[in-house]
Amino acid sequence: MTASSNSTAASIAADVRAGRRKAVDVVEEYLANIARRESDIHAFNLVTADQARAMAAAVDADVAAGRDPGPLAGVPIALKDNMCTRGVPTTCSSRILEGWKPPYDATVVTRLAAAGAVFVGKTNLDEFAMGSSTENSAFGVTYNPHDTTRVAGGSSGGSAAAVAAEFAAASLGSDTGGSIRQPAALCGVVGVKPTYGTVSRYGLVAFASSLDQIGPFTTDVRDSALLLEVMSGHDPLDSTSIPQPPLSLQSSLEQDVKGLRIGRITDLPGGSDPEVEARLVEAFDALAAAGATIVDVELPSMKYGLTAYYLIAPAEASSNLARYDGVRYGMRVDASDTNAMYGATRAAGFGDEVKRRIMLGTYALSAGYYDAYYGKALKVRRLISDDFARAYQKADVLLTPTSPIVAFPVGAKVDDPLSMYLCDVFTIPTNLAGHPAMSVPFGAGADDLPVGVQVLAPTLGEATMFRVAAQLERSAPGGAR
Amino acid sequence: MTSEKFMIDEYELVVGLEVHVELATATKLFSASANRFGDDPNTHIDPVTLGLPGALPVLNRQAVELAMRIGLALNCTVQPCTFHRKNYFYPDMPKAYQISQYDQPLNIDGWLELPGGKRIGVERAHLEEDTGKSTHIGGTGGRIHGSDYSLIDFNRAGVPLVEIVGRPDISSPDEARQYVTELRQILVAVGASDAKMEEGSMRCDANVSVRKPGAPLGTRCEIKNVNSVRSLGRAIEYEARRQIALIESGERVRQETRHWDENDGRTHTLRTKEDADDYRYFLEPDLVPLAPESAWIERVRAALPMLPRERRARLSAATGAPADGEAIMVVVERGQDDYVLAVATHGADVARALVHVKEAYAEQGASPVVPAADLAGMIVLETSGKLTSTQAKQVLADIVANGGGDAAKIAADKGFEAMDTSALESMVDEVIATQADAWAKYCAGEEKAMGALVGAIMKASKGKADGKAVTALLQSKRNS
Amino acid sequence: MSQSSREPAGESRISKDAVAKVARLARLDVTTSEIDRLTTQLAGMLEHFADIDALDLASVEPMTQPYPLVNVMREDVVVAGLDRDEVLAAAPAAEDGRFRVPPIIGLEG
């Protein structure tokens, strides 16, 4: 894969704003990349070429008229297909929403467009964001641009692949248990899940409301900082939105890591690929060489994270997905009465993984089982959060592998849901605690497949997190970009 | 008020009422679409109202304000609270869950005092969102049964409701009617709702069970579809008798929800509780806790208007009439008590004012058009004997019909001239002279003879003499 | 919560009857072979998730919010909503400005 030298969002925006490049020319480059390789990758559910060209033309018109189109001027961006785009199909890669056009835009979509971004398409995902490989999509698998016999990760596989394959300069994903970070690691790009509440969820089709967050995929750390600065900040349409102004991150990228305390989790669950573990050791070494201090921390409850997550997330999802009933929008299977219509529509419209999680979640909330399952899981969540709080007294950030394994072959895990769930063992605890975390490409593992290192930070610790990520990027094996 | 417990065939009734009230806010509970009744279907919709993918709720501050007014007016404690999802499927439920309050509601542990003084406990009054409305096409009478299909309008979906759960302290159909009537007045007085049962802005469900005195509580049934205060009483009575008949014939009462049919005057099975959905309540993750600051709560409390019970007490103290008597109950319910007191400030007798307003002001509403001074003027003429009570009513009728008027002038126009005392006395003297026999008998102690004298005086005065004044004059002349 | 707490039975964490009941609650039509498959899969998952049964959680407060916000409210001001035509155009069935559904029987309202 060739990387074009001006393929960062920051450089595109700078060039377009300054009139050095035309947005319409930039978008044609990316559309050409899509035309060349999309049939091998299948990153998109829908390529919106006409809309992209129109948006680019509007940006150029602004520049010509002396109006500043904004900090993302002309940047081609792909959107995960679980974010509402008015008049443009938003399917969540599910048959039950096939062809559905939202009558409104998600807040992040509005903010990116207002900043001059150009939307090239809606990317593929595991159905309703449930999965770790994008093999649960009703519309086909997304393949890893590094090796198209392998998965791109999930659930935001399409968005990760789009950036890795240079179909877009940046993309948006959503992360509930690792769905941005894990595909970022598998595809060798940067992926960020910000602090819960920093990016509005209005217009993000809900999977698990207390865990979901939107975040960027980019080729470098700076671009993620740029995107988050545009997307973040209080939204009155989201009650869980933190009442703070947008994050300010780019200035932290120049700071060094001298004196920062990097936490190594000594009781981290084992079983990662040896090459992945080796890359993590090198990451710690690189930070130490740059002046940071490595400290040991323990997160004894981390190993219960998968259980807590796979009770809480499906429970919330079972309620969030109940609205797909064939009454007001989406697929309907006709029947003699409404109750029968519900059962037939949802059976035909949802895929197996979605049904499985709805069933698990319904059970975990049901009368007589709430205390044993959902109730307990909320308490385990508290334990994990408390563990992190103790760890962050000793460390400024923590470091783990993002994924225990590199990209696996398509089909390798589809028959073993539990094995699939283990892909998220290092990412899930962050969502439970509501903290930020990001994956930075850091060398390669077996078969030269990308490895990602995860930087974890406490609530609203993005500045420090990006500071460390920038250093990791500078020190990454194979050279910095 | 009876102090004896109401019984049917030696059984006591145990009744608890659940009242849902639509709040008079401009917008819905969790979104900014208009809260309006009667507009074209699906014209007040937004992503939240329709349960579109990606929609999120945001709580309406004014709904919280009105809900607190209700709670404080019902003597509740306002406490920090949370919202829960109540999950069930129904086509008028756009999200397939209702956002409501479960184990931590906004208002708890209050009471409502019936006019006679009995307190009915209010367990809680919490916020929740309303559903859309279904219309059933093709069946008989618009019922679901036998319909071909249904049409859903989501204008009402998301409208703020307060659910007021009364404790089962009500013992009779009459107490139930009083509870709902009093509650309605409170809701209107604090500006929380227009609370019209016929329009659906106040809905009442009754939980009814029966038992022999001293026995444990019986199985209760929930009665729905009661659309007026009168129906409430009828439905409770019917249901109690139905349950008694079952028990007396050796059968057991099944716990179920029943539908009141106004036309046949009976309750019918709707569904049994055993089939009920498991609502899988859990904390609403899209909302955050609500803990109104004590400064806000105190502001609401301080701004509460005088409630009906206080108004009745005030009017009773002023007039001497019983607070739960018909006159005061009716006048306060109409909102005319301030008016009655205002009439008194113009020098008129307040007890007479109460009676006249009760009898003549049924159509006048809470802001009578008749100036208080005008009514006062009429009452002064009445109580000073210048108008008989019959004449007073006729003058008042005119005043009401015309939205006001000068009582003395109206009386004069009708020929109800005020007969002054000296004119009256000379007329009495004349009659005494011409009815010498009757006068002699009267003076000798024959009270019956007065009739002839009074009759003659009334005839001579063409009915303008006031009977009481005439009697008084005759008596004093006899005695002197 | 006032719901009673029952520890799941030892042998299989979830029975076929329970799976069928849950499918009904969730309005998911399932065939008998699907029930069999789901029962096996869910039982396996619940067995795995039994690791938290070993924890002593008696004095632990449930965590329900990732970020501690309270009292988020908005002013009671009307904001223009969605266009009815655009919305009904996306509806599976509509008539007379309303959403049309088959007869509503077998449901509690």
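General remarks:
Each chain gets a letter, A, B and C, in the order it is written, and its residues are counted from 1.
Rule of thumb we're sticking to: a contact is a pair of C-beta atoms (placed from the backbone, for glycine too) under 8 Å apart; a residue touches a chain by one contact, two chains touch by 3 or more.
Bear in mind the structure is a predicted one, so any value in this text is a computation, not a measurement.
Comparing chain pairs B-C and A-C, the larger number of C-beta contacts belongs to A-C. Chain C has the Cα centre that lies closest to the mean of all protein Cα atoms in view.
Mean C-alpha positions place chain A and chain B at a centre distance of 58 Å. Between the CA-based centres of chain B and chain C the separation comes to 41 Å, rounded to the whole angstrom.
A straight line joining the Cα centres of chain A and chain C is 24 Å long.
The set of chain A residues touching two or more other chains comprises 100, 103-104, 210, 236, 239-240, 318, 322, 325, 327-329, 338-339, 342, 362, 366-367, 370.
Residues of chain B in contact with two or more other chains: 47, 50, 58-59, 89, 91, 150, 152, 278, 280, 285, 287-288. Residues of chain C found to touch two or more other chains are 1, 25, 27, 64-65, 69, 72, 74, 82, 87, 99, 101-105, 107. Touching chain C in their complex are the following residues of chain B: 25-27, 31-34, 40-47, 49-50, 58-64, 88-92, 103, 131, 134-136, 144-145, 147-154, 271, 275-278, 280-281, 283, 285, 287-292. Chain C contributes residues 1, 3-8, 14, 18-19, 22-23, 25-30, 38, 41-42, 44-45, 48-49, 51-53, 55, 57, 60-67, 69, 72, 74, 82-83, 86-87, 90-93, 99, 101-107 to its touches with chain A in the complex.
Listed in rising order, the residues of chain C touching chain B in the complex are 1-2, 25, 27, 64-65, 69-79, 81-82, 84, 87-88, 95-105, 107-109. For chain A in complex with chain B, the touching residues are 83-84, 90, 92, 97, 100, 102-104, 106, 201-206, 208-210, 236-240, 315-316, 318-319, 322-323, 325, 327-329, 338-339, 342, 362, 365-367, 370, 374. Residue ranges on chain B touching chain A, taken from their complex, read 47, 50-59, 85, 87, 89, 91, 94-97, 150, 152, 278, 280, 282, 285-288.
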